[in-house]
Amino acid sequence: MRLSARNMLKGKVKAVTHGVVESEVVLELSPGVEIVSTITKGSAEHLGLKVGDTAWAVIKASNVILATE
Amino acid sequence: MRLSARNMLKGKVKAVTHGVVESEVVLELSPGVEIVSTITKGSAEHLGLKVGDTAWAVIKASNVILATE
Amino acid sequence: MRLSARNMLKGKVKAVTHGVVESEVVLELSPGVEIVSTITKGSAEHLGLKVGDTAWAVIKASNVILATE
Amino acid sequence: MRLSARNMLKGKVKAVTHGVVESEVVLELSPGVEIVSTITKGSAEHLGLKVGDTAWAVIKASNVILATE
Amino acid sequence: MRLSARNMLKGKVKAVTHGVVESEVVLELSPGVEIVSTITKGSAEHLGLKVGDTAWAVIKASNVILATE
Amino acid sequence: MRLSARNMLKGKVKAVTHGVVESEVVLELSPGVEIVSTITKGSAEHLGLKVGDTAWAVIKASNVILATE
């Protein structure tokens, strides 16, 4: 499957925290560089995400804010 | 200023393309790893973004979709 | 590839309009039921979207607002 | 009230799950075609959503990612 | 119509700029306090937005990032 | 730090509610005008948000839907 989302960053699952409706997943993109995602708990269970799994962070370009000093 | 957005990825501006209302900015996070952002043209001009500038990609955790194989 | 986005709605591409940076794509989900997406022009070209193609609308649950009468 | 969001998909509430802060609502758009929304628990209570209610999924075009095979 | 979006901020249209696919609309919420929205050009035309019109900025709680000093 | 997000609305923290993964924060922008944000609990704790604190609501223009009567 190909996606229109321009950003697909590959990483390793570092942590998964489940709430009642939402779950928080931390991916390590490279040593010291992490990305955090909140997805529905249903999604986290559907994907069966576990620490050490390979996963991609998929981010639409319109959801990326830029900051400068 | 501190932000609630959990994801702040540092990179170098690699390309800036202006439309009428929107602009597309490509940041290089590390060799071969890029992130694309679309922001309003007004923002791009306000930040004065140029190739080679340091900038951060700011992404809310709720805007990160996860994909697995 | 499996996605954490809970919503993947299958449809046929009905129209593609290109801007300078953004493109607008209309999918027909079922007779009379359409969904509109704006993606970067780069994405539309990368996917090579044409009228009649099969495509899925991928929507994160946190991006769905609900309305009632 | 008229909205700028281009996507308003009509459906029936099929399930409502409350968390502490967030609630998950499943709408059936047509037989076998569902859409999932996560909204704040305050919103779900404010709208008084119950199974069987008619509701619309309101989605901004810029929040629709496209996928192709 | 009632919306699950928790934020509905009332204002006056102060400016409308049309691109090819996207339009930028500036609302004045109160003297000196503005909010900017980018919507599809189709939406702006569908709503017939003109300077001086009353309009509401509708923002999902999950799309609000917080910043502190 | 300067942000590409066009909307930075200054307010006072009026309420903070923590869930397991998410927290809800209410800012008062001006008397009777509030804005609600849901952020990850980790973010709320990282920012140390308390009632009475000054904070800004940061909103990307592409996340603002418009409504008219």
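Descriptive notes on the structure:
We call the chains A, B, C, D, E and F, going by the order they appear; numbering starts again at 1 in every chain.
Basically, a residue touches a chain if its C-beta (ideal position, glycine included) is under 8 Å from a C-beta of that chain, and two chains touch if they have at least 3 such contacts.
As the structure is a computational prediction, the values presented were derived from the model and not from experiment.
Each step here moves to a touching chain, and the least such steps from subunit C to subunit D number 1.
When the partners of subunit C are compared with those of subunit F, the chains appearing in both lists are A, B, D, E.
A separation of 29 Å divides the Cα centre of subunit B from that of subunit D. Subunit B and subunit C have CA centres that are 22 Å apart.
For the pair subunit D and subunit E, the distance between C-alpha centroids works out to 21 Å. For this pair, subunit A with subunit B, the centres built from the Cα atoms lie 17 Å apart.
Subunit C has residues 1-6, 19-20, 22, 24, 36-40, 42-43, 47, 56, 58, 60-63, 65-69 in contact with two or more other chains.
Chain pairs that touch one another, listed by label: A-B, A-C, A-D, A-F, B-C, B-E, B-F, C-D, C-E, D-E, D-F, E-F. Here subunit F touches subunit B in the complex through residues 1-6, 37-40, 42-44, 46-47, 56, 58, 60-62, going by the rule given at the top. Interface residues of subunit A facing subunit F in the complex, by the touch rule stated above, are 17-20, 22-24, 36, 38, 62-63, 65-69. Across the interface of their complex, subunit E is touched by residues 3, 5-9, 24-25, 27, 29-30, 33, 35-39, 43, 47, 49, 53-69 of subunit F.
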